[in-house]
Structure formats: C-alpha cells, structure tokens
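Both of the next two complexes hold chain A, though its partner changes from chain B to chain C.
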Partner chain A sequence: MINDFHYLKPASLKEALAMYAEHDDCKVICGGQSLLIVMRQGMVAPEYLLDIKHVKELSYIKFDEKDGLRIGATTTHREIEKSDIIAKKYPVLVAMEEKLASIQTRNWGTIGGNLAHADPAGDPGPVLIALNAEIKFGNSGGEKLVPLDEFFVDYFETQMEQGDLVLEVHVPAPEPKFGCAYQKFNLLDSDMGIVAAAASVTLNADGTCKDVRIVLGNAGPIPLRVTKAEDLLKGKKLDDALFAEAGTIASEECMPVADIHASEEHRRHVLGVLTKRMLKKAFEQAQTAA
Partner chain B sequence: MNNNDLKYVGKPVPRKDGPLKATGGAQYTVDISLPGMLVGKVLRSPYPHARILNIDTSQAKKLPGVKAVVTSADSLKVKHGFIDTPRYPADQYPIAVDMVRHAGEEIAGVAAIDEDTANEALSLIHVEYERLPAVFDPEEAMKLDAPEIHPNHPKVSDPYKNIGGKIETAFGDIEKAFTGSYLIREDKFYCQIRTHGYMEPQATVASWDHSSKLNVWTSSMGVFLKRARLARTLGLPFGSVRILKTYVGGAFGGKIDLYGHEYIASLLSMKCRLPVKIVYTREEVFKAARHGQPLIVEIKTGVKRDGTILGQQIRTINDSGAYRGSGVVAIFLAWGFAMAPYRIPSMQYEGYSVYTNNLVRAPQRGHGAPKMRFAAESQFDVIAEELGMDPIDFRLKNARNPGDMLPNGDSVKNFGLKECIAKVAEKTDFKAKYEAALKERHSGSTIKRGIGIGTTAYFSGSLVYPNSSTVIVRFNDDASVSVMTGALDIGQGCETVISQIVAEELGVPLNEIHVHAADTETTPVDIGSWISGLTYVTGNAAKKAASHAMKKLLNVAAQELGSEVQELIALDKTIFVGHSPDRKISYGQAIAASIAKNKGDCIIGEGHFRTMKDEVSPPSLSTAKGRWTENYSNYAQVAEVEVDTETGMVRILKATTAHDCGFPVNPVLVEGQIDGQVSMGQGHILSEELRVEDGCVINPSFLEYKMPCALDMVETDYIDVITETYDKEHHYNTKEVGEGYVSGTVASVANAIYNAIGIRVKKTPVHPQDIIDALEKHEHGGKGDLTR
Partner chain C sequence: MEKQVLRFKVNGDEYEVFIHPKTLLVEVIRDHLGLTGTKRGCETVSCGACTVNINGASVKSCSVLAVQCEGLEVTTVEGLEKDGKLSPIQRSFLDHGSFQCGFCTPGMLMSATAFISEAKNPTKDQIKESIEGNICRCTGYNSIVRAIEAVTAGKYKEE
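For the complex of A and B:
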C-alpha cells in the first residue's frame, strides 16, 4: 500500500527548486510511471511528493542545425515519439519510444523522470548515450551539464544529489555519415528489455570508422558502454566479421545479472547477438546517410 | 426455416453490455458500497505445511476500529470441495482448522473500519506454527518416503503416497494393438502452471441483513453454485443466502467453486452485522488464489505402416496442490480430450491426481485439453515424420467421421473435424509451406520459418451441479420483454446471445429485450458460465420460454382476429392474418386483450432445458464410464512461426482457425472467443509461467508474470465450418467455442517450431534460452529435444 504523504505542487521551476531544497524526505513525481510502482511495493515511502507535472517551462522540444536537439525534462515520451523534427533527425529515438511500455505510460511518463530513475533496463539511456547526449540538472544553487555517459552511477543512482532536478537533455546535431540503432530483447512487445543494445557508427569520408559507441541495456548496474568492443572497431574498415567479433567482446565485457527471466549466460549470448546486429544496422545507415 | 431467414440469431450484433462497460457504468463487486460497510482482510499462512498450535486474536480484537475477527473457532468446520461425491468427499475447510497445507491458506479474517486498521489488525494476530516437511513436485510426492499431506485415497492401492484421486479406463486390446504396430512411439510432455489472468481480482461483499438473510455480491462464474457452497458451509438454508449479480471482469475458470474469502466475508458480516467487503490485491491473487493445472503426460502410440492408429496408452500425473480442488476432474477430462477427436481402436488410460504443498488448482479454460492435445498432436507429428507422411494426411486418415460413437456412448454427431483440417490446410497453403520450411532448415539464414497444426474436440455442456437452466420470458404492457435468467455474463456475452434468441422467437427488437440476470432470489436456476454449455443449455431454455410466451400471444391474437393460429404472421410487433393483412393486432393490444379476457394472464413464458435428458448422473470420475455431452465441437488450427536461431526468440506470425461450433449464434462473439484463446495459447507456449519456490509464488505481479497484451496479439484468421442449423420448431445444437482453441495454439506452435528448426518441444513454456540450448545440443549430435 502507498504510504500517506504531503503533496507539493509548484507552479514554476523556481518554486519547484525552492520547495525541493526545503524538504528533505521528498521525492519528485512527474507522472509516477516508475515511482508509483516502487511506492506501492513499499520500497520507497517519502514524506513529501513534489509534483512538477505542471512546470511547463521544462516541457519543450527544440532543434537547431548547429546546436542539435534540446528536450525539456518534463517532455513526455509520447511527445518525443510524435515529434516530426525528431523523426527526421533522430529516427532511432522515435523507434525506441514506440516500444517503450504502453501508450498510456508514454502519455504520462517523461524523459527526465525516466533518466532520473536510472533503471539500467530503461530504454532512453542507452540510445541517448549512443547519440552522445548530455544532461543538465540543477538545484536552487545552480546547474550542471554532464555527458549522459557519466550521469549514471549505480543501480537507480545518478550524479544528482538531494535537491537536484533533471532540467534538459541535449543531443548534438548528427554528423554526416552517422547511424544509430537500438533493439531490446523481451518476451512481450514493449515490455522492459531482458537486455538491450544501442550502437552508433560515424564514418570518415574514406568509409573507415571515425567513431563508434556501443551501449548495453540491463547488462550491468548502469547503461553500459563496452569500450573494448568499441576500440576494436575505431579507425577500421567495418565488415560483418568485425561486427561479430565486437559482439563476442561485448558479451564478455558486459556484466548482466541473472533473474527468473534469463540466466547470465543467455543474457551475455543475446547481448553479443544484439551488439553485432545493431552495429551492422548503424553502419548501413551511416553508409547511406547524406 | 433456413438460417438465412433469421433476423437476430446468426448475426454479428454488438454486445448489450459494451457501452456500459466502455463508459464505466458497469458495477463490479469492488464498486458495491453499502452503509456502514467494513473492509475485510484475510490472514494467510506463510508456510506451505504446518500444524497450527495456537491462534491469539486478543490484541487484534482490542484495536480500535476492528469490528470482528474470525478463525475456524467461529466456523461450523464443514468441509467443501469442487468435487463432493461419495468417492471424492469434500476435503477442504474454508478457513484452516489446525493445519495448513499450502502457503496462502486462510487462517483468520478481520473486519475493520478501513484498510489500514484491517492490515494492522492482521499483524496483531499471533499464530504459533509447528512447521512440517513439505513436498512440491508431484512425482516426488508420490514416493513412499514423501511427507504425507493427506492419506491416500482409500480405493487406490498403488504403492504411492499422496494420491488424491485416480482414474483408470480402457477399451479395445492394447497389447494386441502394440504387437501389431509397425511403429510405436513413447514420449513424455510437461506443462507449467499458468494463472488465469482475469483483470478483475477476486472480490466479495457480504451483508447479513436485519431479516437474517445473507446477501452476497461476488465475482464468480455462476451464482447458484456459490449459493449452494456458502449455505452448506455456513449451515444456512438455501433460501437464507442470496447471491446477487455484479459485472465480472473475467474468470477463465478461476472463479468457480467456493473461495475462502467469500466464506470469511460472510462469517465476518454475520458476526458484526455490518456489510464486509474483501478485495484481493493482485499479489494476493498470484500468491493465494487458485491457478491452472500442470499436467505431466506420458503417451505411447502404435500405428500401422499406412499411418492408421492402432492403440494408445496414456498416463497423466496432475499436481493437484494441497486439496483435491478440480485435480481429479482434470485427469478425467484429459482422457476425454485424448479419445474424442481421433479414432483410436484400443486405449488404456490412467491418471493420477497427486497432493502437494502447492496452491489448490482450479479449472482453467480448456481444463486439461491444452496439455493433452499438446502431447498428442506433437507425437502425431513425430510419428508422421517417421512414416514419411505429412501432418495433414496423418490427421485426415485418423480423424473421426460424423456419427462415430465414442467408447463412453456419446456420438460425435455432425462432426466437422476432417472438413476443418482440410480447409485450414488449404487456406494456409500448409503442405507447400511445410515442405519449404524443411528445405530452408539447412540454408544459411538465421531466421527460420515453420508451420504447424493442432486440433481438438471439446464437450458442450455436461451434467454438473446445477445441471440445468430455466428461463422466464415476460411481456410487459408496452410489449417490451423482460427475460429472467440465472445466467451470469462473465464477459463472454451470454446476455447478448440470450437476447438474440428471445428477439428471434418473439420478433421484438433487441433493444426492447431487457435481461434480468444472475440473482438466486429472483431468477430461476442456471447451469452457469462454465463447462461450455451456456449457449446450448440456457439458450435452448430461453428459446422454449420465448416460444411459450409467443404461443400464448398468438392464441390471443387468433381469438381477437377470429382466425386460426396457423394463419397468423408476426412481424415488427404486429400480428397479421396471412391471407388478409389488413386484419391485424399489435402486440400491445394482444397483451391488453389477454389481461382483459383471459383471467388477467399477462403472458409469461417458461422454458427449461437440460443436456443429456436421459442421463441420470454425470460420468464416473474413477472409470470414465458414462456419457459426457451431446455435442462435440472441433477445430483445426494452423500456426505460422518465425524462430530467431541466434537469440532463440519465437514469434507467432499468424494463427488460422477452422472451427465447427455448430453454428455461430453471434459470429463476432465467436471470433472474439477465438482471438482470446489464441492469445492465451500464445502465453502458454511462449511466455507465461507461475514461478514457485518452496510453495511460494516468486513472480506475483504482471511485471514479472509475462502475459501477452493487446500489442502482442498475433494476426488471426477464421474459417467457419457450419454443421448445425437453427430451426424455430425444435431445439438447436450449438457447440463449445469458449475454451477448446487454447490447445490448438499450443500444439500448432510447438509443431511449427519443429518444422522451422527440427527441435521437438516437450515442455511449455518455450523460452528463448531453451531454443538456444536445444540447438546447441542438436549441433553436437544430441537429440535436441526441448524438455525439462
């Protein structure tokens, strides 16, 4: 059963940050798609809930050819999924959102809430890291911008401290000859991934690999970059054999944990397969990109 | 009458309760609110097997806000059971007396002014247990050194323990059949425990009123069975217990029989004389309610060189859980699902229902059929392959013909199985796809496709309490119609179907048919929304009641118009003389005339119907002798799948069903039933499993229990094989359509997986990891069966 709590409803970002600073035993809610589950399980029982659903200043999608994409923290998954500019510039984000839980959840859950929750099985984390995104968070005292790659610290833990709110996600403008792909492995459509893999590939003009990112979902305590597998590919002329080898390295490098849905061994195996496939898919996109 | 002349029956009319449910107006049990109503909660055993040494409720009783606390000391200690016969007497108390035999068993109940107080009161009840050794695997529980949960059934002499029931039956000469066989196959198949997945959790409101009557609203599958069980365990006359209608959010077999919380809510209300509501949490549903039956099937089949089946020997073991529940019924029904669809000249069958310290089992959509057909249909394909036959020819060779007599004395009558098999094979281009998949198996592609078939036959209503249905059809003064039926619409649409039948008989539009249903005090007895007989039994009762009322109406019209009844035509609520249509009378005028001139007769029709009217009793649960049903449905289903050989993921691309349900009274409801069962079968074969450790469910939520949702729905297609007609002059024969199809999906997907990758599935569910492991074993020269 959910505990009794005090409900705080700020009207502006300033007020939200002030309220958050004032109340110690306080959790931020902005849809509750993650929080209410753990509250109902009794795992989280805060004295205060700070509802920032109505802080409209944080709900936006902006794109600039040079600056790239900026998504406000309270933007819903559904808004990202239905954004024309995102569909055009970052189709992988739309594809990811289309398989993120149900429409009801996407209508109510937000990108900021998802990242702050820091579930390693979450979908946006791996994709955004593959897209080289940064995250801005802050409190009444100031703001901080860090690569999303460094934001996650451990299971359900981020760099944020009490009083910090997620403010914005920034995704750089896509480079020419760039591709990015994501797939999760689950028994039910749109369920949480048993495991998942995102990969991005940037090619040089000569077709060699300029940059590559491989980020695995639910393969460790955080969305996990497998840098040994990435290093194998950088600077090389990519092909199927290399993708397969990178997959093998990724399956060794990751650190998934077994549960009732799959053994560690099977998770490693599937992560290797997904890595190989996403690399190939991202590579093919990069090859055909304008 | 030609079926084409029908106006309401056979038409895809939308459900009567659709708008109310879609707009939130339907009142479910949780929506019932009565003055002074209390919240009831149940204290459950944390242990799978223990002796209760002491229960101290004194602190709980003292907590402010607590109005009543009950334990077995407050009860009459009357046992109940899904089966309660001389051979299988009831074996379960509705509230534990001195012993608990499964985790989650009801020990005490509290009623308090709110949920917090009720929960706190539970924590203040102190129970002293002496833990006892427990056993959870049925084959382990059968061993003589296993802990004893209940003594063996007195009539079972096998050297086993914990046998709650046994069924043995045989016909033909099995020894001779095997001696004369060209090929004999022996295989063993396993199934998991699957929950029903009803969206509305168990819920009950009980109110002991000022006139010493117990009023109960409860999410169920039939009100008359609930009344009988509650009255008996509470020591009340049937007339003092009233079960009222509420909307039901799904049941699938999981809400039949008496549940402990229904008894406890009643006991609490009787004690404190205030209404008490108990609503399960989802976790409680998973951890304490009854789920399906995990049957183990060992099957040995002998065939001639040309594929003719000569004999079959089957042994089933059912883990019935801590009490008998419906465990002995599942092993009986499994026999029927083996013998009904195909001609098997000799058969020997034995089934064991074994007590374990697991949760009690309930019937579950198909009740044994998905497990038995999965085993039999899988083995058919193995045999066909070894003989060099294709799966379609093998089945066509052995499927029963119309009019075949079954060993229990039933006739399969207008049996459309062969037509179903032939049509579904043709529509899906089965043989070509089957051959193509075999060739593709050794190509370099990592994604393989396969096609497979599964079939079954299913009973349509049988003799189980309350055995029959009566319906009353009453004309109102404005010629609208009130129908009184004990039938409970649990989501399958029976009120719509009954309305269609009444509308057809009376020529009154559907929106003027008002159904008053499922109230033990004000509606006549009904067979219930289970054993797949409602459209047949209640529907025929409704038909008789409507035609009885219509006959009265026509008699009055004939008097008034000065004509013979045979000359009259009823159309749009007006009765004409056929040869001079200007002589007419409206239904309203005829009703008024009846009241004025026929001693106040306001025109009420009554109809009753019982299946197998010449049979005194249901078939034997020990020997399987005795007739089962009047109408056997049957169908053939083809699944097309895709297997990712790198990840092990299996996807069902399409399920095509050819079905003989007699004739569809409402085709859109029939398609809805098929889709629902395809989805359930999909969960059974690919994702759903109740995970239990030491008798405790460890995945008690829909986050961890993977039930397919709308987004997972596979593409479906249907082929109608119509074998019956609806005739205004006689009773009609419809056949089951609500539960048999689950088995088709399970079996056809298992066979399609084999067609795709050459791995024989011998257990469900099939996890991706199982596929990978089996493929690896296969590569290293092993048999590559996918089994436990």
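For the complex of A and C:
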C-alpha cells in the first residue's frame, strides 16, 4: 500500500531544485518504474514526492563529434533505444536498452531515474561505465560532474545527497579502434540480469591494448569494475588465452551474493564466462573499427 | 493528504477527476471511470495485463501515478472500437482465436496496437518482442503472434 504523500509538481528545473531543497523527507519521481514498486512494498514512504517527469529541460539527446553524447536525466529508455545517432555511434547502448525490462517500462522509465535508483542489477550502469561515462548531478547550490564508476557507493546508494537531482549523463566521443559489448544472463529476456558483464577495449595503432574496462552487473553492491582483470590486459597484444585468464580473475575478484535466482558459485562461474566473451566481442569490434 | 484535480483525456473523452496523488492510473481507469477492460494483474510491472497507451505509447498503468497523466491522452481497450466497429487487431484476435481465459487480452491488444501503429514490415521476431512485456498464463502466444502478423501483413483494414 502506497503511503499518503504531498505531491510537488515543479514547472521548471530551477523550481524543482528549489522545492527539493525546501523539503527534507522528499523523494523524486520521474517514471517511477522502480520507485513505485518499493513504495508499494512500504520500503520507501516519503512525506513529499517531487515529480520531475514533465521537466522538459532535462529531456534531450545531443551528440557532437568532439564532445560526445549528452543525455538528459528525464530522457526515457525508449528514446535512447530509438535514437538514430546513438544506434550509429554507441550501438551497445541500443542493444542494452532493447533488453531492459519491457517496452512499457522503457516508454515511461528514464535513464536518470535508473541510475539514481542504483540497483546493482540495473543494465545502464555497467555499460555506461564501460563507455567511460560521467554523470552530472546538482542541487540549488551548484552542480557536480563525476565519473560514473565513482557515483555508486553501495546497494541503492549513490554519491548524491538529499536535494541532489541527476541532471545529465555524458559519454565521451568514441575513440578510433574502440569496441564495447554487454550481455546479461537471465531466463526471460525482459528480466533483470542474474549477472551481467560489460567490456570495452581500445587498441593502439600497433594493435596492443591501450585501455580496457570490465564492469560486472549484479556481482556486488555496485556495478563492479574488476581492475585486476583489466590490469592483466593493458599494454598487451590481446588473444583468446588472455581473455580466458581475465575471465578467471574476474570471477575471483567479483563479490556476488547467493539468492533465489542463483548460488554464489554459479554467479562467479557465469561472470567469468561472460567476461571472456564480452572482451573478445569488444576486441573484435575495436579491430574492425575505423 | 489533500486531493487534487486531474484533467486528461481517455478514449477521446475529456475527464476531470478528484483524486489523492498516490492514486495509480489503473485505479482511476477502473474505479473512478468504470472502464474495467483494463485488468489488474501482478501490480509489480511484470505481467502487462494493465497495459494502456499514453499518447500512443504503451505503459503499465499499475505503475504510473495518475496525476502524471495531466493533459495527456490515454487509450484503453474500450477505446479501440470506433462507432461500434472493432479495430483491425480486435477482429484479427477473434479470427485467430487469440484467447483462452482472456485476462491478458486487453493488455495484449494495447501492446499490439502501439506496435502496429509504428511497425513497418516487421519480422516474426519483432512481433514476438512487441509483446515481451505481456504475460499470457494460458501460454496462448502463438495465436496472438499470428493475429498481429495478419494485421501487419495488411490483411485487416480499418472499417
């Protein structure tokens, strides 16, 4: 049963930030595809609900060859999925969105809400971290821009404090010889991942590994970078044996928990396999990239 | 907590309802407007029985606050027929026997309607994906997919 709350509907971003600053026991709703579930369970029962669904200033997708991609916080998942420029420049984001929950959820749910909810099983977190994204959030006093891999703090917790709203996600322009792949493991396509892995590979002109990122979903309290596995690959000439070894390291480095969907051992095993496969896929993309 | 006025359109008609802000869209549609075609199923964004279209895009009305629909246009399954004539997808469902118990049907029809309005020569896989958010617990998916396929292939025109 959802608790009674006072409904706040700001007409602009400025008004939203001012209202949020004035009300202490306040939660933000945009699409509410995650929030309404936990409110119905009684786990979240705020006195005020601040609705930013129709704050138009935060709904946009912009791309510039130098600056990269900027997505406003209230942009829906479906808008990202259907964006031609994202399909062209960051196909991994479209592939991720196509498997995120259902069409209905993607039509109403937003990228900012998903990231603010900070569910470690969420799909956008690992992919955006692999893409080296930054997130901008702010309150009535100012804004902050942080790398997305520093944004998540713990289960359902981020660096944001009361009064902070997610404003924008920034993904840098793709480097030449870059590839990025993501896959989640689940029983139904539209479910959350039992585990998931995102990997990105950037190659030097001589074919050696310039940079690599491996980010695991539902493998710990936050979208988890496995830096030991990444370090193994940096500077090397990549091959299948190295991908397999990185997978083994990743399966040891991650910290999944057991639940009704899978045991810890099973999760570690699948995370290792997915890491190996996503590295290979990202590497092959990087090799053929312009 | 104070009630407030929600003004929006449902199936082309203007409505003004006086509701608590915590009221869900499915509650307004069923309990305030008496349009009981839209079903309450899981109430956790999983089953899709409550699917309605907002400005043409499908959503699960169990997980949308009604107050967020201020000024928007909602279509429910009751809004598919025009002047007593069933829509193409409704006729196709009848012809293909796309029902068993019928509980998922309103949601299936709304997802299919949104899909058909934007799909161009879809593949069978795309048709299957179009109802990914809708569960049929009788598992009658094949006849539903055939019904959508027939409409996208142009076999049913608006009457």
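FYI, the second predicted complex is superposed on the first by the 290 of 290 C-alpha atoms of A that agree within 3 Å, B and C clash if a C-alpha of one lies under 4 Å from a C-alpha of the other, contacts with A are read in each partner's own complex, and residues count from 1 in each chain.
In this text, contacts are C-beta pairs under 8 Å (C-beta built on N, C-alpha and C of every residue); 3 or more make two chains touch, one makes a residue touch a chain.
Just so we're clear, the structure is a prediction, and the values are computed from it rather than from any experiment.
Student: Determine, under the contact definition given at the top, whether A:260 touches first (chain B), second (chain C), both, or neither.
Tutor: Touch status of A:260: first partner only.
Student: Tell me which of chain B and chain C touches more residues of chain A.
Tutor: Counting residues of chain A touched by each partner, the higher count goes to C.
Student: Give one of first, second, both or neither to describe whether A:107 is in contact with chain B, with chain C, with both, or with none.
Tutor: The second partner, chain C, only.
Student: After lining up the shared chain so the two structures overlap, which partner does A:269 touch, if you call chain B first and chain C second: first, second, both or neither?
Tutor: first
Student: Give one of first, second, both or neither to describe whether A:49 is in contact with chain B, with chain C, with both, or with none.
Tutor: second
Student: Touching A:189 in the superposition: chain B (first), chain C (second), both, neither?
Tutor: both
Student: Go through the superposed model and pick first if A:37 touches only chain B, second if only chain C, both, or neither.
Tutor: After superposition on chain A, A:37 lies in contact with both partners, chain B and chain C.
Student: For chain A, what residues appear in both contact lists, the one with chain B and the one with chain C?
Tutor: 37, 102, 189-190
Student: What residues of chain A sit close enough to touch chain C in their complex?
Tutor: Interface residues on the chain A side: 2-7, 9, 29, 32-33, 36-37, 40, 49, 51, 53-54, 78, 98, 101-105, 107-108, 189-190.
Student: Along chain A, where are the residues that touch chain B in the complex?
Tutor: Per the stated touch rule, the residues are 1, 37, 102, 185, 187-192, 260-263, 266, 269-270, 273-274.
Student: Which of the residues in chain C end up touching chain A in this complex?
Tutor: Checking each residue of chain C against chain A gives 1-2, 4, 20-22, 24, 43-45, 48, 51, 54, 57-60, 63-65, 67-68, 111, 114, 129-130, 132-134.
Student: Going by the contact rule set out above, which residues of chain B touch chain A in the complex?
Tutor: Of all residues in chain B, those touching chain A are 115-116, 119, 646-649, 686-687, 691, 698-699, 703-704, 706-709, 711-712, 767-769, 772.
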